[in-house]
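Each of the next two complexes has subunit A plus one more chain, namely subunit B in the first and subunit C in the second.
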Partner chain A sequence: MSSVATTPAAGEIAGLSPRKRKVIKALDVFGLIATVITVLGAIFWAFPLYWAVVTTLKVENDIVQPGIQLWPQRFTLDAYTHVLFNTKIGTWYINSLVTAASVTVGVVLISSLAGYAISQLNFPGRRILWWIILASFMIPIPALIVNHFVLISQFKLFNSWLGVILPQLVYGPVTVIIYKQFFDSVPRELREAAKLDNANEFQMFFRLYLPMNWGITTALAIITFIGAWNQFLWPFLSVTNEQMMNVTVGITQVTDAFGVKYARDLGSAILAGLPVAIVYLIFQRRVTEAIMLSAGIKG
Partner chain B sequence: MSAADTAADVPLPARKKRFNRNEVLAALIFVLPFVVVYAVLFIYPTLQMIWLSFHKAPLIGPGTFIGFDNYLKLFKDKLFGVALWNTVYFVILTVVPATMVALAIAVGVNRLKGWMQSLILACFFIPYILPVSVVFRVWGWMFDSQFGILQPLIALVAGDNVPVFRTLPLFMPTVAFITVWWTIGFNILLFIAGLRNISPEIYEAAALDGTPRWRQFTRITWPLIWPITVLVLTIQLIAQFKIFDQVYLFGNGGRSDATMGLVQLIYRSAFQKNNGGYGATVAVVLFLVIVVFSVLQFQMLRARGNK
Partner chain C sequence: MADIRLVNVSKHFGQVRVIENVSMTIESGEFMVFLGPSGCGKSTLLRMIAGLEDIDGGEIHIGDRRVDQLPPSDRQIAMVFQNYALYPHMSVRENMSFGLQNIRMPKDEIARRVAAAAKTLELEHLIDRKPGQLSGGQRQRVAIGRAIVRDPKAFLFDEPLSNLDAGLRVRTRIEFAQLHQRMKTTMIFVTHDQIEAMTLADRIVVMNNRKIEQIGTPMEIYNRPASRFVAAFVGSPSMNFLPVQKISDRDGKVLVKLPDNSEIQTGIAAARLPGDGNVTFGIRPESVKVSATGAISGKADVVERLGERTLAYVRLADNSVVIAEDEGQSRLNVGDQVRLDIDGAAAHLFDAKDVAYSAA
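On to the complex of A and B.
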């Protein structure tokens, strides 16, 4: 903001009264201080993650030395090789990947289909359906854990991928609303033109509405995936078998019998967070867009 | 809640008198997966939760109808009082600080340009996308009672190393602080979007009038950003009432009753004590608390914003 106010003022500044000139100068000093504080804040925010990563690259003996080593003196990947080869993290990774990907596909598919019908089609019960979707925001998902558990047990899905996946399909009713809004804004003329070509509703959806909103599908898929990967409470409740655990649950619930090893514990955590961190770094703009949309702000 | 509200403002087109048979048929196929999933996994469990709360029942298996006994028991249960207080305490410790800090950071980040802005924003935002287990390990290491990098600082104040997560008065504030660190990126993002919507001309005019920086903030930025503030407060309030993961993990697997929140009481009653009926009762109360709070707070803040 300050540059907007000050740079073009360079020419005009001569015409201003000395008092006003002083004010503009004062603004710049303020701006500098604000920038310095922001940068220091960012360093403070990023430091715990940096410190965790650096710790995993140290030899275990160096970690417990007094004093602060901001960079490993003796560099090693032992923590990672140990975690990768001596724990079940590989299996947990697969469990997380399968369940998170299935939740993503499921949520995107059912939401886009329903969003299309609510947006474009006229059918009895449409209004009731819409109100149920809006009302579902009120219900706190953690309140449903007891009855989700009862349901999953009735279907004998305890300790299975499907048991982890199914309840998570209702975690994001907002995707339906976002799809409805985007389908609403597809120009009416395109629909009329497709109708003249004798396109049925399914062709209309798969060839016109879905491809036209490919960007939003990507964005929603990414945050649904991140959300499902990060899910803790439900995967923690619905799985007790170590073989079937998700990585976020596994690394906290299964502990090494040989006492605390800082680098290994942190290494397994870094590995658990790595996929979502990478997805975020690649699709930064999409993630931001989707988060804003689910908060009700059109980006 | 918020998205629902904005979406509710968009009216559905007026209902046509007659339905087209083919269109209705297609619509049924389109909404069928959604309806089945939400009926089985959302509406049915919600109704069953209410039903179960009137029964004395194990987690799995039949129970007996006992009317409001579970609710009466709840209000006499000391643990429920503890859980409710801890939840409210956690909400107080997180919601307002996270909103204010996020606004300050957003104003700072919004002033920056280009790659510098992206880099700084990423620093603040990246914790938000990480799973709770990573946050747990990272901060467990920062505060580790033997080798934690923060212990020298703590020793400076307290005279000795302090096992923060095993010291009751420090537990909730520390977990709240970590939660703010973890989730603030979301708030910052919303505030930046709001700040970008304020036209720079307003500030230019104010600067030429010699309006001091602070006045510019209180007279321009703050009123214009108010709707976003309401949004951020409401979203957080609802989210933090559902607190479980961090408190459970840092509380050493929920071994102490003193750090218990409402969701943890549901978990404990239904899963650890096999009292499904009582767990469902706590769940119903949590549900009511969230509905009441979200409606109340939203109305209150909106009324103030309209003044």
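On to the complex of A and C.
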């Protein structure tokens, strides 16, 4: 296949400089096809995002015109200024930040402790507990919603941060499983050395196992934070007071209060997603590095 | 500094017995080496002393305390692991301080001890590095440093040299000997390397198949092995073993007749041997010399030139092979007919139960 492609190319490039000839020869036909497919895929995936951003910069009247306008005729930031100054998005951000951060700290702490206990401690029922955690992995979260609703209602925690946070703490069986596997792979001698070094279980956990797996903790924390920030169903059900809404729920209020205005809807959606995108962009390299570091410790 | 006493210590994993009724005393300040092949139970025994394995029977005493029911941290011992077991995310200083911080020792005392250990082990310039930035030998020294700062009653070393390359292994071995001379603390060292055992130990415990074969000084073990296993395991190249056609008594000492009808007068008292006459003859290669006047003849199968001496693998008339020594500048070639002179006074005999008999 490659010889079919390169033979005519060699004839065509006879008059070119040796450097250019080399470059063209180096072109791998399969690589080219793969690149084209990837670029097309990326465009296909990114187009809705592009369309949303471009729409928020258009005048509302231009948006509803028939036909496709790939670039705004008239630029405006009205949609953003409206969402920022005429809605409670600041409060929603704070609610989202507090609940997502609390869920992250809670999930990481509980999962790492559970993973450590199952991986390193000998206690009656350890195996059964492990099976229960594995089994809970199979249950879709929405199936628990009614339970959560009744519980939170009985605790009278609707319209509170705690009511949003608590049910989300059980979303972490996969985090427990990952922690257990990482703790399992810590060499046995390190634990024995720590035993001889007078370390109790808390010192072993907080000074050895957790710091040695810092990479995976960072990665899990970021993933949990993004998941908690993007959570919609439970915050939507557990909060009716606009003052206590998360940003994902709050942006639905923009539509309700002001009718269908596409630029505002999309503007609020973009503002809701922006912090998460920034968090990921900032920590993207750290997540990769952190995972590689964890792998290095085990080497 | 304390002595360590083991009384009828046993251990099994499920149905498999890994240590059977082991008793011994390691004197205070002694350098004791547990020597044996892989799987003989020597590391398990060390881990039982450390408290990392429970014992199923018997008693362990360190100093005047019975410790077999105490957790490892209460036994006042320090251990250096085969792969060092340094905490990878902590610096050298933190690795050495960790154990002391856990017992809430004052910070200035920790700093003083770490500085002293770092100086002793020449680690001062590496003190803020992480283990990943150190060479094998440096990691080894950090692991020893971590043990030293605790000022333990005894040091336990679990094959600490086995991860080092040959040159570094020899240097570190010498450092271990110097460390013991300086600290004069009780040390137990586990190894499968007989040279390490011979060079370091005050006494050696030779173990095989879950049991102690012999306890003795290196030269006792070498000169007067208690069993055929000990005789074969200690010494390089290994001892020669030859079948015996007949034994007889000459002047109260055993006269051995080998299958090729050659006779060797040993220094072993005839009265000590069992009556059945079923014995094997053992002789170390350095006691078998290539000599023009030797009583035994054979053909050189292999010739190994080691520089200071030459080893010849000589096939005798009955097809058994004897390793013999010749001078470093030997002109011996493969295929040559050679005569061997055996020093009967250095010979050993082994009965049907592999019990050894040596000249008094």
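The rule is simple: the second predicted complex is superposed on the first by the 227 of 299 C-alpha atoms of A that agree within 3 Å, B and C clash if a C-alpha of one lies under 4 Å from a C-alpha of the other, contacts with A are read in each partner's own complex, and residues count from 1 in each chain.
Everything that follows uses one rule, which is that contacts are C-beta pairs under 8 Å (C-beta built on N, C-alpha and C of every residue); 3 or more make two chains touch, one makes a residue touch a chain.
The structure presented is a predicted model; accordingly, all values stated were derived computationally and were not measured.
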Dominant toucher of subunit A (residue count), subunit B or subunit C: B
Partner chain(s) touched by A:Lys195 [first = subunit B, second = subunit C, both, neither]: second
First, second, both or neither for A:Gln69, with subunit B first and subunit C second: neither
First (subunit B), second (subunit C), both or neither touched by A:Ser185: neither
Partner chain(s) touched by A:Gln243 [first = subunit B, second = subunit C, both, neither]: neither
Overlapping contact positions on subunit A, where the subunit C interface meets the subunit B interface: 200, 296-297
List of subunit A residues in touch with subunit C within their complex: 187, 189-190, 192-200, 203, 207-208, 211-212, 214, 296-297
Contact footprint of subunit A on subunit C as seen in their complex: 50-52, 71-73, 77-79, 81-83, 85-89, 98-99, 102-103, 132, 146, 150
Partner subunit B, residues of subunit A touching it in the complex: 1-5, 19-20, 23-24, 27, 30-31, 34-35, 37-39, 41-43, 45-46, 48-49, 51-52, 55, 63-64, 68, 106, 109-111, 113-114, 116-118, 121-124, 126-127, 129-130, 132-134, 136-151, 153, 166-167, 169-170, 173-174, 176-178, 180-181, 184, 200-202, 205, 226, 229-230, 232-233, 237, 247-249, 251-252, 262, 265-266, 268-270, 272-273, 276-277, 280-281, 284, 287-288, 291-297, 299
List of subunit B residues in touch with subunit A within their complex: 1-8, 10, 12, 15-16, 19-20, 22-24, 26-28, 30-31, 33-35, 37-38, 40-46, 48-49, 52, 59-60, 105, 107-113, 118-120, 122-124, 126-127, 129-134, 136-142, 144, 146-147, 149, 181, 186, 189-190, 193, 200, 203-204, 207-208, 210, 212-213, 228, 231, 235, 238, 241-242, 244-245, 249, 263, 266-267, 270-271, 276, 279-280, 283-284, 286-287, 290-291, 294
